[in-house]
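There are two complexes below, and they share chain A, which is joined by chain B in the first and by chain C in the second.
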Partner chain A sequence: MKILTTVKKVVDVELNIHVKDGAIVEDGLQYVINAWDENGVETAVQLKEDSGAETTLVSIGGGDNTDVIRRCYAMGIESGMHIDDPALEKADAFIYARVLQKVFEAGDYDLVITGKQAQDTDNGQTGIILAEYLGLPCVSNVIGIEVLDDKHLKVSRSGDAGTEIVALELPAVVTVDVSINEPRLPQMRGLMMAKKKAIEKMDLTALGTSADEIGCAAPKSEIVAFMATEKRSGGRKFEGDAAEITARVVDLLANEAKVL
Partner chain B sequence: MNPIAMSLLLTVALGVFGRTMARKIQLLRALAPADRTNHLKQRLANMFVFAIGQKRLIGRARERSSGIMHALIFWGFCVLLIRSLTLYGQGFYEGFQLPWLGGGHLAGYLYLAVKDVMEGIVLLMVLYAVFRRAVLKPRRLHNTFEAYLVLALIGILMVSDLLLDGARYNLVHLYHNAKTIPFFNHPRYGSEFLWTPVAVGASALISGLGASANAAILATMFWLHICTQLVFLNILPLGKHFHVITALPNVFLKSLGYPHEKAQLLDLEDEAAWEDESLGVNHIHQLNWKQGLDLYTCTECGRCKEVCPTYTTDKPLNLYEFNDKLKHALLANADNIIRRSGLAAARARCGDDEQAAGLAEQMSALNSEKQLIGDIIAADTLWACTTCRACEEVCPVTIEHVPRIIAMRQGQTLMAEAYPKELNPALKGLERNGNPWGIGYDKRADWADGLGVQTMAADADVDYLFWVGCAGSFDDRAKKVSRSLVKILQRAGVRFAILGVEEKCTGDFARRVGNEMLFQMAAQENIATLNRYKVKKIITACPHCLNTLRHEYPQMGGNYEVIHHSEFIAQLVKTGRIELQPSLAGALAYHDPCYLGRYNEIFEQPRSILASVCQDAPRELPRHGRESFCCGAGGGRMWMEETIGKRINLERAEEIAGQNVAHVAVACPFCLTMIEDGMKELEKEELIKTRDIAELVAESMA
Partner chain C sequence: MAKVLVVAEIKQGVLKGSTAELLSKAKAIGAQTAVVAIGSDIESLLPDLVGAGADQQYIADDARLALFSAGPFAACVVDAARQFDADQVWFGFSESSKAVAPRVAAQLDAACATEITDVMFEQGHIEVIRPAITNKVLQRVRINTERMVAVVRAGAFAADPELAGSENVVRLAPPPADLKAVIKELVSEAGSEIDLADADIVVSVGRGARNQDGVELVKALAEELNAGFGASRAMVDAGFMAHNKQVGQTGKIVAPTLYMAIGISGAIQHLAGMNGSKVILAVNKDPEAPIFNVADYGIVGDLFEVVPILRQEIKKIRS
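After this line comes the complex of A and B, so read on.
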């Protein structure tokens, strides 16, 4: 089984994101592997260890993705490619899916594993659109994969009514949830080995396509501006006699907040 | 006198003993190196205090009776060694005496008197020891045949020597053989038997048997004594009584300057080390020779487990068993370990790559088939340790348990990548955001909003850096401690600053769980920051930060004067820079944090501070000071679930609650969390308030 896993480099959402003039302030930000993709990588590596699958990773855009890809190597991914092109600067899920389609077609993959969403945009579309482009079956929100044979998987997903078990014929696309596994933490030995491994870097031409072909000129969606979430100011505290306070609060709600 | 028999006995006994010892030493020499030959004066002092002085045997109140018993047997043995030499000599020459200890010298008489009394005392102590083992049965002891055999042998040694002297007395004074039996009879000091009341008392037991029977007893006791002693000597190295021989050197060779051997600064860039899997301890041959000597020396007395927070809460770590298992693994693999070290030496000399590879292959073929972690020591056992050092503090022969556990954790984490996966979120948090909570690094100084605390980045011209630590920065409860400390420092007019977002976790917990990579990354980054600001003096409220900054950063080139807030506040009070009102009502007890007390010898300062904020004198908990009981958070345990046995913090909270106090003071953010959680579990958090000393001081400032 040949697996293609996708990894997106995203901003560390543990940090305070500041916005200035409709754009994110880059200063002080750090970038990490998208958490769901980390689960995808772990899934692929486990399939390699348990079922002898071959694992390939692809990451799109983001400038220097070396650290992200090396981390995946340290987790156990065998080969990786980074596709970047100035034309991808404003890429949306459709464009990412087109690029992934090209990658899939250039290889001979049986299974695509993506995180079910990316923690920066929280769109959750790319994997599903890719399946549509490829005309392949897709199971989203996957929480377990069992290999039946070379061509068949038993996949469980978290659905509305509970866990759904889906029989899946390969080739196929799955998008995984964080509950599928606990990603391993790359250790020194793996990180050292990862440093020696090559990363295949390609632009769209090298991938055998062009900005036009994948629709870079006219993205179906575009981020116009970022806005910071409004900060809640601290509430007011009243101390003293309960009856007095009640009267005062009612007065404030009626006359100041004008909600009564 | 029988020179032939004596020669034969000595040759055989010493020959066998020499061979056993040579083998034991050879095995130690085949283990990894350790440097323990510096500071001879201090080493000798330790030997006098801990080994010869028996400090940890007689110095602990709860163990005093057995401690005195042991000390008397030990000191009796030291005295009797001289007598033994005399007896060996008498096997060759009738009436042999050591120089100055013969009948012509007062010293000879004095020695006989001391020896005589000591023999009586040792005999009584042996009887007490048997009674203790057989009847009192202290929980820490496990009764073995070896223990009784050794007590029996000691008893025989005493009885035989006393009867030997008793028979001599009878023959000289009762049967008038004064001419043929040598004995001291000095014109001024009189007959030697005037000086030996115990032997004379023993003589009464055999006085009615007649002259020939007494002569026979004399001869029999002489040879019985000699033979028992030689048998005893040869039994010693075979079991736990090897400590009779190894305890003195083990104490002499103990770690100096820090309570135990510091975790090794591993060269993680050394590719050969990765190839040889030689980082940390994953195989029994990777122990160093001092750790081997520790294993030889373990007396299985069980003091370690009795004070161990994990053993006493039903976890699988039983330290003496841990030592015993390692010792057996060491001895079982002795041949291979010795051969392996020969091959390693040949490999180091060899210039030819192919030959070296061949040697390496032969070496790995000599590895024990049993996995050190898994087959010999269970993983749960290795990871249970909170690194609190209670075990080391009570060990009479100064065995260093914790560094061995950390080295084994290093082996597991680095080479085998086998560590509790529940640590991953904390390790990942450390890696990404420089704190085990994984909260964004940019929020690190949020606790100080509105307090007017400056950062080093804004102005580094200050006297002190306040190292806040992760808990003090991110944990809501510990943030209050940070704010209190700021209030104190500001009141005292101390010129200080914080690093703010530039501060990272010191890496303490990563190192304790064997993740040397993350420790070194964190330390490197922090040292670069500290050195960039030319930081000289650091104040911190976290004993774990204190310990790492003070003792471990120098390994990587970070040298600072690191002061715990309890030391600093005590100084501020003493010099009158802050004034405290003894306003706190209700009884208060102080819980000693392990990394403050046992690791850094800071016991008095927190107590002196508390004495000045409390209306009544602070109370001591049953387990306090050097023998304080861990809260359960050390050694990375803060970041692991505690699923086996009773929770350690609950055990400690119950102990505190049992003292009828209204407050418990701590001086560590992790103790604060653990003990407060324990109080919550007991539903006593309102009755017994858990407070850091900084909070109490801030509230008591005039």
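After this line comes the complex of A and C, so read on.
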């Protein structure tokens, strides 16, 4: 089984993010591997260890992605490519999916694994649109994968009414949720070894396509401005005798907030 | 005039409130509206579908649609969108919607915007507002295509109680099955439990509960309030709660009228899942816990002591 897994470098959401004049203040931001993609990488590596799958990683955009890709190598991914091109600056999910389509078609893959969304846009679209473009079956929000044979997986996804069990025929696309696994921490030795591994760097031309073919000039949607979210401020905090303050708060919930 | 197709949200045979909310918003912006309902044995929902306020109802009712499968569901939405000539397709916020909306957008060559909280018709184009980066910022997004598919965040639009629809039913042909991704079974942990996504009150339990006894104590409070029962990630990771009960950035996003965070410290990850709630109550023994920075009402105390009193006092006030 040949697996293609996608990794996006995104802003670290653990840090504060400020908005000024409709844009995000770049100063002080740090970048990390998208959390859901990290689960996708772990999924791919487990399939390599348990079922002998070959693992390839692709990362699109994001400038210098060396650290992110090396981290995935240290986790056990065998080869990786980084596609970046100035034409991708305003890429939406459809454009990312078109680029991934080109990568897929050049590689004879059986399974594409993506995180279910990226924590910078929180869109949750790219993997699903890629499957549409490729005409492949797709299961999103996947929380478990079992290999049945070379051509079939048993996949579970977290749905609205419980866990949905799906028989999936390869080639296919899955997008994974964080609850699928606990990504391993790369070890020092793995990180050292990762430094020696090559990262294939490509622009759209090297990928065998062009900005025109991908439709880079015409994103279906584009962000025109960022705004700060309305900050919630803390209200009243009560300390002291538990019986007294709890009774007081229940009264406030019922008679002031009118929500009980 | 814009034409908006709303995808009806049906759970366990019941039409959910988001359908009327989305139709109300569509009507408020002067659009012509239709609703598409997909499922098995849903004929009896017709009065509710008309009542939700659409001018037209598309119904795909087939035994093979009893279990959710993104491919066939998307095919039904696309069929209805083409027949109605919709320029907008709106979904309520659910896992099924998130799986179907991008497919529909790709098939209609439309833009796709998820988790929107508002939609504006500017001169000649549409703009939407949506949270991003774990709820830390809002994006204003310009839609460059004529058609848009959107998933609307829970609680973004209010239902207009005066809104009335008219009965114009179109029955859709059953869609082809997805032979390469076949839904085999639904393992339901939820059953009769209150759905977190549309509960009026949500009670969530965190690390402060320490053990199963703590979890049961908080669960009893949730049950008495007829509330959805959720958890912080720590409780899910520790195996006390099922993963589909996790409230937070990587779990469920909820926006109830009242959110009770019991023994939850308030990590950014968790706040992202509940800071759209109308009123937040926090119970935590650490007075410095970040949850108090977002809570409207905070009780500093150990939940093992506070929750029993809370249950008692709520019973008193409700009787």
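One rule holds for everything that comes next: the second predicted complex is superposed on the first by the 231 of 260 C-alpha atoms of A that agree within 3 Å, B and C clash if a C-alpha of one lies under 4 Å from a C-alpha of the other, contacts with A are read in each partner's own complex, and residues count from 1 in each chain.
The working rule: a residue touches a chain if its C-beta (ideal position, glycine included) is under 8 Å from a C-beta of that chain, and two chains touch if they have at least 3 such contacts.
The model shown is predicted, which means the values in this text are computed figures rather than measured ones.
A.B. asks: If you stack the two complexes on chain A, which partner ends up touching A:G52: first (chain B), second (chain C), both, or neither?
C.D. replies: A:G52 sits against neither chain B nor chain C.
A.B. asks: Between chain B (first) and chain C (second), which does A:F238 come into contact with in this model arrangement: first, second, both, or neither?
C.D. replies: After superposition on chain A, A:F238 lies in contact with chain C alone.
A.B. asks: Using the touch definition from the top, say if A:E14 reaches chain B (first), chain C (second), both or neither.
C.D. replies: both
A.B. asks: Identify the partner contact of A:R189: answer first if only chain B is touched, second if only chain C is, both if each is, neither if none is.
C.D. replies: first
A.B. asks: Output check: A:G63 vs chain B and chain C. Expected answer is one of first, second, both, neither. What do you get?
C.D. replies: Neither partner.
A.B. asks: Considering only the touch criterion stated at the top, classify A:P86 as touching first (chain B), second (chain C), both, or neither.
C.D. replies: In the superposition, A:P86 contacts neither chain B nor chain C.
A.B. asks: First (chain B), second (chain C), both or neither: which does A:V139 touch?
C.D. replies: second
A.B. asks: Going by the contact rule stated at the top, is it chain B or chain C that touches a larger number of residues on chain A?
C.D. replies: When the residues of chain A touched by each partner are counted, C comes out ahead.
A.B. asks: Quick check on the output: what are the common chain A residues between the chain B footprint and the chain C footprint?
C.D. replies: 14, 16
A.B. asks: Given the complex with chain A, which residues does chain B contribute to the contact?
C.D. replies: Spelled out, the residues of chain B in touch with chain A are 268, 271, 274, 413-415, 417, 421, 424, 427-428, 431-433, 438-443, 501, 516-517.
A.B. asks: Provide the residue numbers of chain C that touch chain A in the complex, in ascending order.
C.D. replies: It is residues 11-12, 67-71, 94-96, 98-99, 101-103, 105-107, 110-115, 127, 129-145, 178-190, 195, 197, 201, 236, 243-244, 246, 249-250, 257-258, 268, 275, 278-281, 287, 292-302, 305-306, 309-310, 313-314, 316-318 of chain C that touch chain A.
A.B. asks: Residue numbers of chain A touching chain B in their complex, please.
C.D. replies: 12, 14-16, 28, 30, 32, 182-185, 187-189, 191-192
A.B. asks: Which residues, counting only chain A, touch chain C once they are in their complex?
C.D. replies: Those residues of chain A that touch chain C are 11, 13-14, 16-17, 19, 24, 35-36, 92-94, 97, 119-125, 128-129, 132-133, 136-141, 143, 154, 156, 158-169, 172, 177-179, 218-229, 232-239, 242-243, 245-247, 249-254, 257, 259-260.
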